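Both complexes below contain chain A, partnered by chain B and then by chain C.
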Partner chain A sequence: MDRIPILRMGNFLLVTIQVDLYDRLALTLEADLVQMVKKTSAKGVLIDISAVTIVDSFMGRIIGNIASMSKILDSETVVVGMQPAVAITLIELGLPLKGVHTALDVERGMNLLKSMIDDFDDEDIEEDPDGSLAE
Partner chain B sequence: MVLSLSKDTIQVVREQDVVLLRNRIKEVAVKIKMGLVNQTRLITAASELLRNMLRYGNGGHCVVEIVSSGRNNGVRLTFTDKGPGIPDIALAMKDGYSTGKSLGLGLPGTKRLVNEFDIKSKVGEGTTVTIIKWANG
Partner chain C sequence: MLPNTYKLLQKKKKAILELWMKNQLADEGLREDLISNDELRSQSEELVSALIGNLSSDSIDDFNSDQWSPVIEILGGIAITRARQGFTPRETGNFVFSLKEALIEVLQQELQGDLQSLFAESLKVNRIIDNLTVVTFETFIKGREEVILRQTDEITEISTPVIRVWDGILALPIIGTLDSARTQVVMENLLQEIVETGSSIAILDISGVPAVDSLVAQHLIKTVSATRLMGAECIISGIRPEIAQTVVHLGIDLSNIITKSSLASALAYAFKAMRLEVRKINAVQKF
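And then the complex of A and B:
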């Protein structure tokens, strides 16, 4: 069966989707990715969809699911490289992908992930001595 | 008056057929010089309808046509299945309504993405959805 490879890079997982997704492929990716987050204790997931020309409601939902699932496994997700035509279509379709972090390209996505994780680490260090709770 | 310039029927019974059909639609859309954004809208709309057909109608077939009306060229897609049919089309066209576990964006979302949208359904007989996207519409 087809599978989309998941690469590990330090604290992050990298997924580059190079083919147009069909439903089962997207579902397999969702399952694989959540497993990998657990297995590698990844702090961030970066999904590059620059080669994806079609995102319909099902795949949009899978992307949203991956972000929410990773989140409750203590990992942030950033989707990068969305084509303008795909963004237009998603909004017209009625799928604003709320709750999914996005960045224009891989580099910015990586920086966003790093900053999100750094913020989190800083909070830990700063908040703990006071004993105050973060929001 | 909408004239059909070319006609092509593709059977859709497995999920992998979706990719084939998408490619076919893409070819046709490029042939009539449809812009990239409209191509994306059309293929996304087709993708939604195909999923419906596979999930609720046990597959079916899609007719891909190049149509022309006046100076306008476009792509007309007709999806036909012999599934259970839709009892209440008005309800099925409502945003957020779904009998499955989906988001319920399929039909209303598709309508927003294309220029013409027509749905006919008979309970127990099946459903036919016809969409047209004009090259510069």
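And then the complex of A and C:
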């Protein structure tokens, strides 16, 4: 069966989805990713969905779920590279993906993750709930 | 209609056309600026020929019969052309009504002795022309509506420019009312531009939006959420005091959205968020 590779980069996990997700694949990814977060105790998860052109409410929920699950396991999720059509579809479906951080591309997503982890480590302050800007 | 009446009309075709042309040219509402006399004559001639050529004892009573379709087609063509050329409805109506006068005048000359049949025939001519007028108006209005529809499309197209105000900052001034279709265009343009320029901040300026109701606010919130999903931040600027009042009175929650009163303050916020600084230069420098 197909699997979506989960790469480890230091403290972060990197998932690039290069195919259109179907339901079973998404569920497998959800399970694998949570396992991987636990195993590597990663501080951040970056999901690149720039190649995904089709989403439905199920897929939107899976992405939201992954974010919530990682959060419980003390790791932040950033979704990067969402296509305009996908963004519009999710909004029309009423899934604004609250709690998920977003960035335009992988680079900005990485910076965002780093800044979030740094903030947490260095200053021990409360994290910006809206997700501060990629800077 | 008596069989000899439509024969009579066919025989008198030339006279009817001349009378009609005379009526039209004598009319105060003649629009020589919109249509030349030669063109008017050829239009009229075409219509008279089609009308009289298709008169028969069957077609007189049944306006739905197929025999009328060539006449309706010609008339429809004329009406649409006139709608586009900018004729008023009255002028277009008079065009057809003056044909009625010409027809009745000819009938009057020919049936002088026989008042009863003159009356009966006039009634029938009246009915035909009335039907034709209705057709003319239907097509005229349809032509006008097409013009309006096209203009609406054009306005939608041109009124949603996405401006790159700085490297990484986009601005989108919205002028006019936001409806669902327009929001769709605005959203698509904005998101597309965000991808193309890699901008991280978008400013939605609504100072040109006359009124914000709950639906418009809903559309704005959707656009902001979609921008956020893309990984960029959306600021709404240009909120007038009246709009702020309406929004609060309607109970719309905009607290999750960054709002600024003017485009300038939104831009200042964007600079700050991108860690840029605008400073006055002390010494006078030559560029």
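Methods note: the second predicted complex is superposed on the first by the 123 of 135 C-alpha atoms of A that agree within 3 Å, B and C clash if a C-alpha of one lies under 4 Å from a C-alpha of the other, contacts with A are read in each partner's own complex, and residues count from 1 in each chain.
To be clear about the criterion, contacts are C-beta pairs under 8 Å (C-beta built on N, C-alpha and C of every residue); 3 or more make two chains touch, one makes a residue touch a chain.
These numbers come from a predicted model, not from an experiment.
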Which superposed partner A:M82 touches (first chain B, second chain C, both, neither): second
Touching partner for A:T102 - first (chain B), second (chain C), both, neither: second
Which of chain B and chain C A:T53 touches, first, second, both or neither: first
Which superposed partner A:R61 touches (first chain B, second chain C, both, neither): first
Which superposed partner A:Y22 touches (first chain B, second chain C, both, neither): first
Common interface positions of chain A, toward chain B and toward chain C: 83-84, 86, 88, 92
Of chain A, residues touching chain C in the complex: 79-84, 86-88, 90-92, 96-97, 102-105, 108-109, 130, 133-135
List of chain B residues in touch with chain A within their complex: 15-16, 18-19, 22, 36-37, 39-41, 43-44, 47-48, 51, 95, 102-103, 105-106, 108-110, 112-113
Chain C to chain A touching residues, read off their complex: 184, 187-188, 191-192, 194-195, 198-201, 222, 225-233, 256, 273-275
Contact footprint of chain B on chain A as seen in their complex: 20, 22-24, 53-58, 61, 83-86, 88-89, 92-95
